[in-house]
């Protein structure tokens, strides 16, 4: 009963097999391996973007920080949600790489187009004195487990385009969102107006690989130099390629996300039946809910692992409602869900 | 007959097995995995440094840049060889992470203690105007394949200590040097005066792991924050730990380096017998030599892979001596050496 | 009738005279001039801080950005008001110099101690993942013209000290606040808990000089190096010293601020009598008020100069209330105030 | 007898008068003052560059660092002399502002075109691994007091253009060089191939103003943002404009430099007659020479002020030749020269 994070789960066995298969003889280093050509071709095909530039890095923070640095100038500000990973969980990495600052669009975890527009307009009047308007960064799935609809994405991108600003999509859980929306990668990205995607693999069964996809190739060489300068270019790159290649083979990416989302839906259904309060719409593979402290203790004693969210398990008030986050990893089993729900 | 780089070779099979073994169930993310405790304990034991702080990153450039950033201030200069990896091959990553600049100590690929002292003294007279003296960074094995003796290391560290400066050892090929010197890790590091080590694994059979070892723990938390801010903290960290853990099990690290060095010695012996000119002392697993163009062509046509060094294979003068670099990877076989030598 | 900014006014004639007097023969460059010794002594005396380190720079943004960089680490966040100059009007200079980010404390232009505490507490739970807590920066006079009472300052500093955080005071209008509070410099700074002050002179009659005062000398050398590296060390430094020296002679600083504040009080009284709405408490030399568009047009046509605040003079609705900012410079005359008020 | 630096001398009286004249009433802040329009027009006329973008900053280091940051990317390297001010005397400011590193072209204080070409070629072979080629920065007058001929400048710029690299001219002593060459500003800059000039005023009689001149306006807005972000935009900008405006009025800039150079020539002639050894060609207003220790002591005892260059006045060997630097400021009198020479 492990719901702590989709970072805690194991790697999919097919990934390990792919690593073993890639482990034959010599290969060109630093991204010149033959497998990378396969990866590039597959991503271009899947995204219906024959001219896309594709790069692999090993952490989601690297993907985001390097992508934003490439899209922005150091005197600009990036528009994002106050609950975005780039603001809350990257220890100033986006600022370090880009030099830009972050403007937190007021509202909840999802930005609304109106709030985004007001934030952008708010940076308008100070000439050289204030930060200049920079890229918009959208997190899909959000850090609270909700998913922007295609219409919502389109509306955000439209606002960005209104001001001539590029759009970055932080897709650490890209495939969980895609499965939730039942749309194509192109629809969730460039067709809506996204310019650059952090296409996550690590949280969905890989060991540590994220692709950064530029639909416009003109920034490709700059990205390569930023990646190297950031110390994120792997010498034995074939092992990143191998992971991403198998991820995109036989729908492994989709199978894994579908399974995580389906198990999360099973969890949500059970929690709803048990009368739980949800703090955010559980659209993909993450649930935020509140339970009484006494229930948390029972779950904890039974061995369930998950994060309380700004709350402490210990406390006198047994009835106090404590928020928590439950994440369904690709590897979780329906039996674990049921076992967990049986404790309610 | 592949001598291009020790980055091009495969991962040792024991490493793949260790990854598979680590791939069971859930594990704490971000370095809190149980395997990391093993790694820390083993490194402390091997280095006879019970208080050492130990961190894992995935690239050698990250290890170097983060280590130097932790040792320096942005108004300082790092003393290093003009042929060091941090100067030539890291696309400004050390400068990006540290803000410091690099002072190139005149001389060859190895710094001499006298040249180092003169360089440090040369930064003395400008008060606030010039960069301030910062850490000394020593590359062991050097980028030209030579190895500092313990006495040489000691002399360099003594100069640094004379001026109160910390010492970093870039040990991307740490174990190849250790085997060449037949000494202990403690002798090659803190006993000589080294403060922080980039302890490489990738070039010696791992997939992508380097340890950064601080013998003084006082900078440990700063390093952790710099690693995260640099986007080099892995979520599924157990797979870094697993590689380093197996590396230090049953002497895999030593076995791999001994094999690489032994095969290189076989290569050197054969080349010497064939009358080759060596450009640098081939102390570990790298050879720099010059051959006539006609010989290079014959080797190339026979399928040998290696880098010419600032020279072009094509050219009219068949007798022109062209320098090249030959690297013996852990995986190379004596048969390949002999096959290569047979072409001379 | 010029109320645009205390940046638009002339330099006090005593300052020009001091520059002429300093212009004799040769002087040591880069801060080693004899006048700088006088400045240091006077500031130490005035602030009752015999051990203070004192530096001069030429812009308020330089004073703030260098002070904050010296107080913080690049993985930290600075707590400040959303209406602070460092956030709104310095085009990312604090982030550039420090590497840190800014956390905007919710509320109005003045931070409350409770809001500050909640903001600091909010950065507590993410370990290495989020930014770490850094300095608190307080703007006195605020950008909206209000002044923190000594009790309010003390309460903010107490919160900072509770968490072990240093406190910076952005005193671009330090003397206007001092005069408004009728207290001593020590009371408004280190006695309340402030560690470093940007002590402004430019807005109060100097040509371009701000002092940065560290009550704890331990960071002094770091500041000197940061100033030089930031290109803010003046070669002909005596002309900065001369300005600050005369500023602190015969109470020029106090005379100028008293005059500006008194004229502002006259303006406020007149506006109040005319029924104007004030948007913020006009505690020092700045007024934020709203007038109907028709009145703005009349003022404008009569030659009054000031900034509308996020509003446009042109528009159809003559009765619409448009906010504006009116600043009383040290040089403004009571007659100009009366002339302006006569237009109401 | 003050030869310490052209930073130690007074400001020209015409400059003080211009400041007093500018000190009338209100003026737009932040570079929007009317005087700045005059400055821009005059510089465009003097440089025969009607489309040039012109900015003022207060220190030479700011001019250089901001200019280089605008010309380069953070993954590049700047080619310069090992004796350049940007390398030796700016405490990492160019690296701080640009993120780039510096490549020191081998040779003396003047770069030769051949050495420059070899340095640029040397950065060619490493692809993404090494720093990329960035701007060439030429110091005119050099830090050792020599002046590049127009042919030499042209040859350096031609090499830069061969590789598509922009050229920066560090003209902290621009006018001293211009007078020495007896050429036009256009000939010494854009006609030779220079793209951006740091046009110094401070060392030639101003209080603290340098212009940065871009012959191609396309980077103008970026420079403005970098200047603000670097905290180098002055609020009371009219006092920078006033200095530069008077500098370019009635040939003040040329008169001052001619006087300094002429007095230096008188000094050189006297030293030569006295048999002094020159370490560098004394082309402008700086002399590097060696005298016996006993002579230095006599000069020192007679009150002469200048810098020994990496040598100590105290010592046993009275005959030891000690190098020194003698700078003729705009304000030095022929009588002082003669008085100094009389001591030989």
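A, B, C and D are the chain letters, set down in written order, and residue numbers restart from 1 in every chain.
Rule of thumb we're sticking to: a contact is a pair of C-beta atoms (placed from the backbone, for glycine too) under 8 Å apart; a residue touches a chain by one contact, two chains touch by 3 or more.
Since the model is a prediction, treat every value here as computed from it, not as a measurement.
K.L.:
Based on CA centres, what chain would you say lies at the far end from chain D?
P.N.:
Most remote chain from chain D, centroid-wise, comes out as A.
K.L.:
Could you let me know which interface, A-B or B-D, is made of more C-beta pairs in contact?
P.N.:
Counting C-beta pairs in contact for B-D and A-B gives the edge to A-B.
K.L.:
Roughly how far is chain A from chain D, centre to centre by C-alpha average, rounded to an integer in Å?
P.N.:
51
K.L.:
Let me have the rounded angstrom distance from the C-alpha centre of chain A over to the C-alpha centre of chain B, please.
P.N.:
Whole-Å distance between the two chain centres: 34.
K.L.:
Just the number, please: Cα centre separation of chain B and chain D in whole Å.
P.N.:
41
K.L.:
Provide the list of chain D residues touching at least two other chains, using ranges where the numbers run on.
P.N.:
Expected reply: 30, 74-75, 90-92, 96, 128-129, 132, 225, 228-229, 233.
K.L.:
Note which residues of chain C are touching chain D in the complex, please.
P.N.:
Touch residues, chain C against chain D: 2, 4-5, 7-11, 13, 16, 19-20, 23-30, 57-62, 65-66, 90-93, 96-97, 202-203, 207-208, 225, 228-236, 239, 305, 329.
K.L.:
For chain D, which residues are in contact with chain B within the complex?
P.N.:
Touch list, chain D to chain B: 74-77, 88-92, 95-96, 99-102, 104, 125-126, 128-132, 310.
K.L.:
Tell me, which parts of chain D touch chain A in their complex?
P.N.:
Those residues of chain D that touch chain A are 30, 73-75, 128-129, 132, 222, 224-226, 228-229, 233.
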